[in-house]
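Next come two complexes built around subunit A: one with subunit B, the other with subunit C.
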Partner chain A sequence: MVTIDWTLLSQYIISGVVIGLIYSLMAMGITFIYGIMRIINWSMGEFYMIGGYLQYIIITHFLGVENWYLGVLLSMVGVFLLGMVVQGLLIKPMFQGSVERRTEYATIVTISLGVLFTNVAVIGAGPFIYSPPGYYHGTRILTLPVSGTRFVAFIGTIVLLSLFYLFLKKTWWGRAFQGAAQNRMGIQTAGIDVFRLDQIAFGIGVALAAAAGALLAPEFYLHPRCGSIATMKGFEIIVIGGLGSIPGVLCAGLLLGLIESLGAVFLNPSFRDVYGFLFLLAILAIKPTGLFEERERVA
Partner chain B sequence: MKSKTGSIVILLIAVFLLVWAHNPLTSQAAAKQPVKIGVISPLSPPGDPAAGQLITRGAKFGAKFVNEEMGGVLGGRPIKLVIEDDSGTPEKGVAAFRKLATKDKVIAVMGQYHSSVCTALVDVGAEYGIPTFSTGASASIITKKHQVTTFKTHVIDYDRASTWTDFIASQGWKRIAIMAENTDYGVGLYEATKQIKGERGLKDVEINGMVFDRKVADLTPQLLKLKAWKPDILLNIGVGDPTYRITKQAYDIGLFPQVPMMGAHDWPARPEFWKNLGKMGEYMMFINYYHPKMGLSRLGEWLKPRFEKEYGEIPTYMAYNGFGQIALLAQAINLAQSDAPKDLTKSLEDWVYVFWAKGDVVDFERSAGAQWHNHTSPLQIVQYTKANQPIEESTILWPPIMKTGEIASP
Partner chain C sequence: MDLEKKTGTGRCELMGRKNNELLRTENLTKDFGKLRAVDNLSLSLEKGEIRGLIGPNGSGKTTVVNLITGVYRPTSGGVYFSGRRIDRLSPDNITHEGIMRTFQVARVFADMSVLENMLIPAFTQGTSRREARHRAEELLDFCLLGKLSNEPTRNLSGGQTMLLQIVRGFMRQPLKLYLLDEPFAGVHPAIKDVIINTIQKMNREEGVTFLIVSHELTTIRRLCSRISVLHGGGVISEGTMREVANDPRVIDSYLGG
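And then the complex of A and B:
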């Protein structure tokens, strides 16, 4: 008779939920930018990486580890501004003129940006692995012992996603973003500068990635290619959840975390990433628009 | 008359050519044509760039030693290094090798660190007939191919697996947990450990291994499963950031240091180890190739103070090995009296060479199996007993002849 170690099983599940929620934060910015601008930002992982490096510099050279939360905020602000500049200089011009295949070109620009940022990081920070000190002492989430940093990242993700949800639902800007996601032409006729909105949306999206990078810097270590995790998981999640859907991101992140965690221990640990992609393929076969399809209103 | 003028012109031209040929400036220019050696190392992720940087730093000092102390090679020609980054990926390494062979015309290539890259490069080396050195790649397959142009001054999986299996048996440990990355290095070492266990007849020793994708960030579920298995020791077989993630995540869930952990190579000897792990690195054991208590040859003694002055840290094994291989190649070039790769290959096989460790002499023999053209340094198992401990203060646990203390635990 097979005996089940319930404590161990609960640890696997909690571990999956924790990492899944953190994945959601990595993916939220991608889906938000797509929802507004209809472009996929392939350099999201690099903004995650920049957020991590900024956090490292801020807390190791200026504020100290006890002010890690200020570091997270400043990293987000820094990357938000960088995102605004990048969008204004490289992506916005394609949307203002009568450029054909603008979203395709914009997507290629984001791929190039990713390569550029990675190489800048290699030159600027060198090839070494960095890690800021942990944010908090080791603790437990129910039965699972976790590092203080992972606990902070878990709570931080819940707080950030809640604030982001409130921002979208309760503020004028949030409603404007929802309007842009539903019908760009419609909100233009209402007098809203949709190009300005695009720029801010891009900034907010990359700032969310930076928040993930800053929160997880002590946990997953920093190097010029560390953002590839965020990119890979982010795109899996938005396809599973449905492009542009915020509830879809949350749900898909949690599901992905659970499937990877349980697959790694009950099937074969070598193929942890494969389970996520198999799940993605299954979703595409059953519901090609993802779990939570966001519909655009066409005038 | 005409023929007399013609003879004078010919004579003058001959005199001019003779003088030009003997002009010290011209002779010097010909003599100073550099002999190029290629260095292909991981200098950016996803490879292990810290290792690549140590190797290239050592190699640069090697070139400095040859040019300044030996007066160059072949009567005064300087060694020039052409450095390329393989990022730890075979395709990038192969492209770099082809460029070095066809455009730069290097006569040898060294600096290899990742086994998967080195395994691919030795075939390209054989194709071009260029001697190719593994500086820090250890998979048995590299030398098992028995390529005439393949050389290695580093351990092979079998040596490493023998060392830790014998140590584990000496401690009376019965349950070995393994976290191995999915590369030639990780899988090769995992398999070699199982093979040695069989060869040693350790029937009561169990191995529970997990091969993980090195790109995966979160290894917590796998480590939880291993923790539940109640191992006596956890072997950490990763390169680069996975090694840190295993250590940190094992620490977070209370697996390490309660259960001893052993790293499969000398990454904890690097200064970044303590910067990245801090107290979490306390009690870490690891396979080491050079301990400062071992002593250095005159070559090694030349490097140590200069490296310390330049970089503010003592050179570690990879830097010594990178340095030693350039010095070794310079000796081989001089003995061959030629800068042709074919002659160099023959010279490497025919002679023995002074290396950087005390009493260490390199002899590339055509031995059986993975020992082909292979020179292995003596291995030790060392342990840090407190946080931020320098490598020279670490305890040597194995082999018994070098032992300086007992295993420490929290």
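And then the complex of A and C:
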């Protein structure tokens, strides 16, 4: 007879919830950009990486680790501006003209951009792994002893996702974004510049990735490819949750975290990532549009 | 006078009432590949009029609306609004000029409430939330949609959705020109009456000029003092309903001539 250690199980459940929610931040960025522009930004991992490096530079050279939260905000602002510039220079012109297959173009641009950023990081940071000091002392979430950084990242993610939700639901800009996601021509003929919305949405999306990078920097270390795991999880989450769906992101993020965590307990911890992918395959087989299918946008 | 010469190059002869002109298209042409959808169109609208734009299927009516509202760029020719050229502007900038439009398939925001839909056009015009909400509620009450203001828009009937799309346009202030593309198609007669009353009220009280594209000739006769008939992308006749109805070119065009 198998006996279950309930304390250990609850720790794994909480650990799954924590990591799942943090990965949701990344997925939220991907899905928000997709919701407005209908493009996938394949360079999200690199914006995550840039967010991490910015945070490292800000807190180790300027603000000090005690001001880590200001560092996260400044990293987000920096990456937001970078995203706006990149979108304005490389993607916006394709959307303004009558270029065909612009989503394919955006795919190539964002993949190339990822390669460029990675190589710039290789040149800038050299063959070293960096890690900012932890943000907070070790603590507990219910039964789970967690590292201070992971705790802070968890709380930071809840705050950022709540602010993002309030922004979407309670502000004029949020309404405009919702409108653009539902009916692009409708929002344009209502007098709103959709190309401006695209640019801001891209900036916000990559700033969310940067927040994940900055929050997790002490936990997962910084190197030029450090965003790849978070990107992979982000894409898993949006496929499971349904591309373009915000509730889907949250739900799928939590589910993915739980499944990986519980798989690690009951099966084998070495194949942690495989459980998430098996779950993804099961969802694709049962409900290919994801758990929360987004309604088709009117062009 | 210069204008009369220019409009004379189009297919229709405009009636020489230019002092009060709000919108003018000059030799407007739009090609889609080898297909010429709008052909050298010269059309003039006076401030405060309700103009009907009719014509057989495929005559270019919706393309004209798309050209005026910046959805399409003309192949040649120009669109002038209050004397200012607007055919190079984007749709949102054309909206800022005071021009709104509706679509045959209503472009509403299905996941928002009726009231939220109404508030969207107020976003970029600096109206306070309170003012915008007050006007939205007034308009919805007038159009008998007041009770549905918190209802998700996807729950409305087709006619109510069309009505909402039309009423939402009046949130733009000042609204100078409103282009309605098939506003009565598939709409219940009771809602049709509400739409007609709303158009007449806004024309009378706020001086909004309308260009209404429709196949419903009885409704167009009821609403519009002047009618332009489009065929093959150009205006073949213009005048009162009686005048255009007796024009042999119009009869030919509708009978496939």
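Here is the rule we go by: the second predicted complex is superposed on the first by the 297 of 299 C-alpha atoms of A that agree within 3 Å, B and C clash if a C-alpha of one lies under 4 Å from a C-alpha of the other, contacts with A are read in each partner's own complex, and residues count from 1 in each chain.
We adopt the following convention: a contact is a pair of C-beta atoms (placed from the backbone, for glycine too) under 8 Å apart; a residue touches a chain by one contact, two chains touch by 3 or more.
From a predicted model like this one, the values you see are computed outputs, not experimental measurements.
Asks: Once the structures are superposed on A, label A:Val146 by its partner contacts, choosing first (subunit B), second (subunit C), both or neither.
Replies: The first partner, subunit B, only.
Asks: Can A:Ser261 be said to touch subunit B (first), subunit C (second), both, or neither?
Replies: first
Asks: After superposition on the shared chain, which partner residues are touched by A:Gly174: those of subunit B (first), subunit C (second), both, or neither?
Replies: A:Gly174 contacts neither subunit B nor subunit C.
Asks: Does the superposition put A:Gly88 against subunit B (first), subunit C (second), both, or neither?
Replies: Neither partner.
Asks: Look at A:Val194 in the shared chain and tell me whether it touches subunit B only, subunit C only, both, or neither; answer first, second, both or neither.
Replies: After superposition on chain A, A:Val194 lies in contact with subunit C alone.
Asks: Looking only at contacts as defined up top, I'd like to know whether subunit B or subunit C touches more of subunit A.
Replies: Counted on subunit A, the partner with more touching residues turns out to be B.
Asks: Could you look at A:Ser131 and tell me whether it touches subunit B, subunit C, both or neither (first, second, both, neither)?
Replies: A:Ser131 contacts subunit B only, not subunit C.
Asks: For subunit A, give the residues common to its interface with subunit B and its interface with subunit C.
Replies: On subunit A, the subunit B and subunit C contacts do not overlap at all.
Asks: Under the touch definition given earlier, write down the residues of subunit A that touch subunit C in their complex.
Replies: 172, 175-176, 178-179, 182-183, 185-195, 295, 298
Asks: Under the touch definition given earlier, write down the residues of subunit C that touch subunit A in their complex.
Replies: 69, 71, 90-93, 95-96, 100-101, 103, 105, 107-112, 116, 119-121, 123-125, 129, 168, 172
Asks: Which of the residues in subunit A come into contact with subunit B in the complex?
Replies: Contact set of subunit A toward subunit B: 5, 8, 11-12, 15-16, 19, 122, 126-131, 133, 138, 144-147, 150, 219-221, 223-226, 228-229, 232, 260-262, 264-265, 269-273.
Asks: Which part of subunit B faces subunit A closely enough to touch in the complex?
Replies: 43-46, 49-50, 52-53, 182, 210-213, 215-218, 220-222, 224-225, 228, 240-241, 244-245, 248-249, 251-254, 272, 275-278
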